[in-house]
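Just below sit the structures, each encoded as structure tokens.
In the two complexes below, chain A is the common chain; its partner is chain B in one and chain C in the other.
Entry: the complex of A and B
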């Protein structure tokens, strides 16, 4: 699926290229916390030929502001410029929009159905899947409830970290697997061990929410890597450059797969490595 | 080290030190070993408990890492554990035994010094507040892996060294203290003992005035008091002993003085009695040679016989006195016994036959070819006395000398000489007095048979001096048997040529030749000797003292000198010494010198020999004795040519 998505994106960009080349440069300004991700991100933007961009130091001279992360996204809102949030929480974008901010965002995390698709590939016999959703989660309870697939999703609303353990011990045994969205409050490093240990002890695999969790012991996850975010940003920029309006907020379209082979082995799952899983996912309907 | 102070084995001080120290050292050693061993065990157990605890801790905390394959978590756990300095490595295995992670130190560690601790990693149940369910889940947890800790035993060894050092230092200190205490206590006990020992040593060395004055307590004080009392007693006893010794010395000196006086008296008596006796005997012998009527001749023989008895009496008295004074010396030599016995029998045969008695020697063959070691003179004296008595007291029958000899080992001979007679016998109640001096059965015996009663006393004393016994068995009127028993050293020897009997030698009385210097101050004795010598055929020159004799010797060559010993101006001994000196200076051959002395004591004979004289003849002497003494020097083959 990812490979397919990227292929479509590249074809689309190739189609737009002649017209883009003939157009003027889009002045942008990137707001991001200092760090390697910022540098890599800017470097990738600078290297991109389409759309024609020019990165300006003064945000007032930019036509579009790009803010990476919730904090910078909130800060950029004060500049009253068209704003694209990258890897921002869905709630932060919603809040800004409620404040009539001219802004859209690339949400942190991946789409629910993408994760579920991967789950189905890895656990073809799974039927009951629990999905924990908190106030700051990338997925909303409605998204879960609206799911129409073959899996039986059960929403596990968790309001805070304090009740997370109890909720897991109470309910986890009822599911075949547990699915976690990106949630800065619920699923940080502090709760990973609690969630994962509980899942191991109850022999229930955990999927999601990102690569760090996979490294920590989650079986597998689709996640938005840096390259995914850059690619998605370029799509948004191209759209803005051509239409002078922001593309609707959403998850990255071509997330990256991460698998913890050790855990996958311990759960006797079919796919033990990324390549075979990716192939399987691309082959799946 | 002084004699008597040689220590046998370790001293009491050392023994006390050992006594005090050895048990303490043994106890200390045992205690040290036990405690050290226990502490070693504790340290070992501590290390093992720590290892087990760490392994369990890591195992319990690595459940998540193992389940999640979270190497970072496992590495973090391992590094956390590796903060323990003794931990060399941590290995995590999964449920199938595959190594998930190895975390170790860079430095190489000898695996023989590493203790491994294994602990299983289990999947823990989820606690949901239901204790019953939790307990049920606990009962069979799933093993999902294992953690292995490698702990270095270096720390254990270091700890053991520390323990050993920590144990040894106090032990060493305790040993030093123990040594000092043992030394101090031993000195406290041994010093007084040494002091008391020194006190006893001083006492033993004869200083009885010494007293112990050291401040002692308990038994040692009592011992010191006892030693002081002992010293007091010894001092008193010593004083009494010294007094007794002084008395004894005084008595001994008195006895010696008395003995010397007795000896001097004997010598004087011997000289004073023999000198006139020599004159009487000599004159009678000369008189006997003269032409006399039958009656005169009978008187002369009677006078000679009486003089002979008188001489015997004098000799007996002198012998007994010498024995009593302890001045009778024996001169044991090897000699052939049988000729001596035959000679004794022959001596009295004439007397026995004149009384119509037989006198025989029985079992003479037992002694053929045997030489015994004894004093032949004294043995002859004893036998002569016994045979003489037997002949004297036997009127009918006879006398037999019976020989019994039994060989004891190779060189000893038990000899029994029994003189049997058929005489008057001796009443049994008188036999015990028989060997007492001056005792005869009764005075009538003395009157009838003569004698001083000293003969048997002398015979028994001489028998004892010869190492034997003299016993008697008799019955009144049934004869007597005097038995002389001797154990003599003997050896066999081929029969020697028969000696010339004395009487044959005596018969050669007139066959002497040569020039004789007669040195005699007593005119009568000089006349007697001169006449006897002239009758023997020798030429006589006289001198009145030694000085005169020396002058004559220088003037003429003499074949022999008859030298009186006690003379005025220069006595015979001094004159002989001067003569020998003069001869040595001139390189002359020594002239034989025969001593003529009225002193019959052996000492006198010795003094004569020492002075350089060749022979000794006691006064009064008989013609035969004179002839026998002079024969070796005045026979024709000895006489100097040209005289």
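Entry: the complex of A and C
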């Protein structure tokens, strides 16, 4: 899906390129915290020819604001301009939209069915999967309950970090694997030790929520890398450029795969390399 | 996104070797995926234990292919992998949280008195095949590793009761808690039943039992690198035992044998993590067991066959001397007695007592073990893992009836297991265990395993191993004496005058030559482990040659110490787990084994075909149904075939979880279990309620 998606995107952009070059530049303004990611992101936008962009220093002169992260997204709403949030929580976008902001977002995290597709390939024995969802999670309880696939998903609502340990101790042994969405409150560095060591003791692998957890010891995760976010941002910008409307919020369509080979091997998972995994995911229904 | 980047930087890998997730831990003492382990492994986790409906721990081992788990002697279970003799479970090592449950005095594993309740168990790993290369002598045919629940993973207190027919009365209470730097748990349990219920040869079988256990653990995380684990517990039991045929020939039981057992243990383990790839573990434990079987018998006069004072000659000094003079031949002893003047005088003296001769006796044994082990686990690069260690063990056995005293054995051991990824899909496991002790001298047990991951999720293995079982202290140092402890009047007051010595002992005594060699096994296997969609399969073909076996009887009445026994097994085994849907689990095991023996008793528990099937169905969030089928064809010419059914209901009342369950065990035939006296007249059933707060 990842490779195929990127290919389609590039073909589509290449096909549009001649006509777009003749069009007017789209003035944008980027709001982001200082740091290497901001610099890389801006550099990538500047290098992109499609759509034709011009980055302006004054947000009031921009036709579209791009805000990276929840904090900048909330700040940008006060400027009362069309706004695209990048790597923003679903709840932040939903809250802003309830306030009738002219905004959409590229949500932090990846789609539930993408993570599940990877889990199914790597754990063909798995049937019962627990999904922890909190108030700030990238996935809503409805998304989990609406899942219609082969796996049996059990929603584990967790309201706060304080109850996370008890919920894990009570339920983790009932599942073949645990799936975590991106959630800045529940699944930060402070809770990684609790979650991962509990999962190791009970021999229940954890998938998700992001690259950081994989590095810490979860088996694998699809995540929105910087390049994925840039590519998805360009799609949104192109849509806005051509229609002067914001594209609907969503996750990145072409997430990156991270696998902790040592953990995957320990659990005897079906994994050879990233490319083979990606191919198997593409081939899966 | 910035926050995301920061979190990547902040989160350290949390997988020191001690915490590394692993499907199996037992075969080589290394955390390994099943596809790389140098053995066939069966894992039974808590979900499977609960689905089996088992009341007692030994019962769940029927889910292991090739494993015999039956109550052979009334209420005493025998659990044996590739079973041989019916009453012996001396050829397999059982670990409970790393502590050996193999008792050195009489080479046995006492499943009744194990100080743990089935509800305390998180998982059981069974290494099928010799594993002396990792655990030393007596990891002979297999290793069962019972791992209790980690207190850090328990969030509720539990109270459970269950009762059913045939005197089933069980209770269980457990508590758990957490501290700033750790967690603790403690449990207390009691279980009781009346054993087999069908009378045999017109009398009730004496095999009721009552067992209480206590088990506690405290985990204290000293800091990020050091963890301290303390465990303590014990058990006490009261087992009604069946009358011995040998004793029945001599007299009449006035009090049926009753075995009283006590066990205590304490262990401390320190885990130190140097870094992500280097870990040290120091474990020390002590355990004490005491078993006493009391019985009281009125003895017949061996010359007249009638009850009377003449029965006392069986405990007379003169008959003992004749027995020793006649090379411990009972027939020759009595033939010589007829013309022996001293014996005639003793017989005449006894007649003057003019009262039946009755005596209480006891078979007693106390065993102590102190064990210290240092284990170092090291990951060298991506491809090499090494676990090595040293062990010092002191066993002490005291017994008037078996040893006529106390015997100590100290063993020194060193071990190492190396796992090397030779080429990416090929893993080599090399292991060895060197040991030296007072009884058996010096030995080395090697193992070689080669695992080839042909494709992700599919692997083949070849394993070659050798192991030994050292003679137990009784086998090596037996000096039996059955003492007359509680004599009837007037024998109690005039023991020396009437019997010729005080204390008086039964005339038969056995002495071990002290020259027995260890039993040996040589084994190889070819195996396959694979994962498909929802399906896990493990199959193996194996050949095992067991030589130098101590196959002949070694009890106080019959004692033939020699190493002439030989058993050859060859066969195949399979285990399959299939999840056809989210709410169904089907688990099948089967074994087909050809066994050749040179002494018939070695084949009594060797079933040519055995199988188990377990189906668990989660009907809804609250209701669960499971059913199991077990087959062993045959044990001692008797086919064992049974189905179990369990219904469970879980629901919540406020913050409390309630679980109701009903279990029925139905034998599919009326054949006895191994021996003629072990028969069930009716189905077993019980109802249970567990409350978790």
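One rule holds for everything that comes next: the second predicted complex is superposed on the first by the 283 of 285 C-alpha atoms of A that agree within 3 Å, B and C clash if a C-alpha of one lies under 4 Å from a C-alpha of the other, contacts with A are read in each partner's own complex, and residues count from 1 in each chain.
As a convention for this text, a residue touches a chain if its C-beta (ideal position, glycine included) is under 8 Å from a C-beta of that chain, and two chains touch if they have at least 3 such contacts.
Worth saying up front: this structure is predicted, and the values here are computed from it rather than measured.
Student: On chain A, do chain B and chain C fit together or clash when superposed?
Tutor: Superposition result for chain B and chain C: clash.
Student: Figure out whether A:36 sits in contact with chain B (first) or chain C (second), or with both, or with neither.
Tutor: second
Student: Is A:188 in contact with chain B, with chain C, with both, or with neither (first, second, both, neither)?
Tutor: Second partner only, chain C.
Student: Just checking: does A:152 make contact with chain B only, chain C only, both, or neither of them? Give me first, second, both or neither.
Tutor: Once the two structures are laid over each other on A, A:152 reaches chain C alone.
Student: After superposition on the shared chain, which partner residues are touched by A:263: those of chain B (first), chain C (second), both, or neither?
Tutor: Touch partners of A:263: chain B and chain C.
Student: Touching A:196, do we find chain B (first), chain C (second), both, or neither?
Tutor: After superposing on A, A:196 lies in contact with both chain B and chain C.
Student: Please work out whether A:69 is in contact with chain B alone, chain C alone, both, or neither, and reply first, second, both or neither.
Tutor: second
Student: When both complexes are superposed, which of chain B and chain C contacts more residues belonging to chain A?
Tutor: C
Student: Would you check which partner chain A:215 touches, where first means chain B only, second means chain C only, and both and neither mean what they say?
Tutor: Both: A:215 reaches chain B and chain C.
Student: Tell me the contact category for A:86 with respect to chain B and chain C: first, second, both or neither.
Tutor: second
Student: Give the one stretch of chain B, out of 43-51, 115-123, 511-519 or 619-627, that collides with chain C after superposing.
Tutor: 115-123
Student: Need the overlap of the two footprints on chain A, from chain B and from chain C, as residue ranges.
Tutor: 169-170, 193, 196-198, 200-202, 215-217, 262-263, 266
Student: List the residues on chain A that touch chain B in their complex, please.
Tutor: 169-170, 193, 196-198, 200-202, 215-217, 260-263, 266
Student: Report the residues of chain B in contact with chain A in the complex, numbered from low to high.
Tutor: 63-64, 67-70, 72-73, 123-128
Student: Show which residues of chain C lie in contact with chain A when the two form their complex.
Tutor: Where chain C meets chain A, its residues are 1-5, 7-8, 10-15, 19-23, 31-35, 45-47, 122-123, 150, 152-156, 456-457, 531-536, 577, 579, 581-583.
Student: Tell me, which parts of chain A touch chain C in their complex?
Tutor: The touching residues are 32-33, 35-38, 41, 68-69, 86-87, 108, 124-125, 127-128, 151-152, 165-166, 169-170, 172-174, 184, 188-189, 192-193, 196-203, 205, 210-213, 215-217, 226, 229, 262-263, 265-272, 276.
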